[in-house]
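Down below is the structure, laid out as structure tokens.
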């Protein structure tokens, strides 16, 4: 069941080189918005997606950032995922993720109390961006 | 799509008292077995589920343990979840979880390359145990 | 042995309210500089210190941010710590921390290969800032 | 300042093969004891040291286990470290670590409120074991 769709605005991906864990990249998260049946608002600047190109060729994502609802509640997001390639396509890619939220107890406290999954696909606009769809698992 | 079903054998839950993060409990994992279309084997003794009773009344699970397939491949499991109560029931409880696996590159390497969700329900036997069902999200 | 001293420039602390883990605060990290015998450079904007006021009254810090050396090497910092009060003082506070670095293999690869500790003290300037001193443990 | 010295009893190291993060090993922790000026007791069976041989040739340790004091208080230990080689020696090795403790609020609550470092050296006995010395940083 859909919780929200979002667009995250990014800066260009920055290579950090080969570290002891694999090749690393950083993608600054500089804004965006999210909207769903029970919550909507914007993504705060100041987060990042810290990516690892692993020894098995998969790109692992760990995105840490913050969102603010339209009624001024702040929510932390930790979204861990893996980039997949669409079979039979011309290398089209998307990511499956398992976001964890930390919200204050109260109106949005249910974000702390469910398990979620999501997809991330590249945007098609001129500026770097990704489109997210977040679902609750029931 | 089902990846495997498992029974994890446990010791009785041990209260660790109130720590700075909330009330803590430890459940030793002492064995068990798992079986699915593409993998089967047993759960090694020596893991634990480190539980947190949070300020919002939810019980959070972080289970770390190891499995061995019937062809002797070792797999690490980190399974994080939250205990839920079945609405309208007499307090029946289950947990939704998001397991992460670390397997060697090779036959079971696909466990590193997908996103999973699972359920955990109490066993009905005389000995402490839980039943797990693990699914891949596609 | 001193590795570097740093000044981190901050935005004002933002309360996130009471979450299931305790009371949370976020301190955006927007710049700064570091200098030591073997490395110097600046702190990138776009990090944050995600703080938890725990049930035992201690404030726990988890700062994630990025630094760039003067020769353009990028380093990730994860700095976990606890705020302490100076005994006998008028409530003067500092933090002890254990920073972990992830640097590319090469000139600064030794940051991946040692264990570090540090102190964080509030700055005395008009703008929000902290002063850090990072040491290697040998 | 010394907090405690400990002997951890181990099983033989088990290779888990090459995973997407590097080569992995598991060392089951099956017992042991610790003693210091302000606490003493034993190490519970059921923990493990989950080791990673990284791309830079360093062995990284993440040991999770539980201790019980002689007055029956349970303490969780997460001890992260790196194996070092003694320069000029015939390959003698030790590890530097930064342990984090989670203890119940009360008599041993100070373990939650300080920052610690430690050393781990191999035992010289016939059975697999390591000797730890844990210090508080002040």
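For the reader, a short list of remarks on this structure follows.
Each chain gets a letter, A, B, C and D, in the order it is written, and its residues are counted from 1.
As a working rule, a residue touches a chain if its C-beta (ideal position, glycine included) is under 8 Å from a C-beta of that chain, and two chains touch if they have at least 3 such contacts.
As the structure is a computational prediction, the values presented were derived from the model and not from experiment.
Distances between chain centres, each the mean of the C-alpha atoms, put D farthest from chain A. Between chain C and chain D, two chains of identical sequence, the interface residue sets overlap for the most part, with shared numbers making up over half of the total.
Centre-to-centre separation between chain C and chain D, using Cα means, comes to 25 Å. Mean C-alpha position of chain A lies 35 Å from that of chain D.
For chain A, residues that reach two or more other chains under the stated contact definition are 18-21, 54-56, 58, 105, 109, 112. By the touch rule above, chain D contacts chain A in their complex via residues 18-22, 54-56, 58, 60. Chain D contributes residues 14, 16-21, 24, 26, 28, 45-48, 50, 64, 66, 73-74, 76, 102-106, 109, 112 to its touches with chain B in the complex.
Residues of chain C that touch chain D in their complex: 54-56, 58, 81-82, 84, 96-98, 105, 109, 112-115, 117, 137-138.
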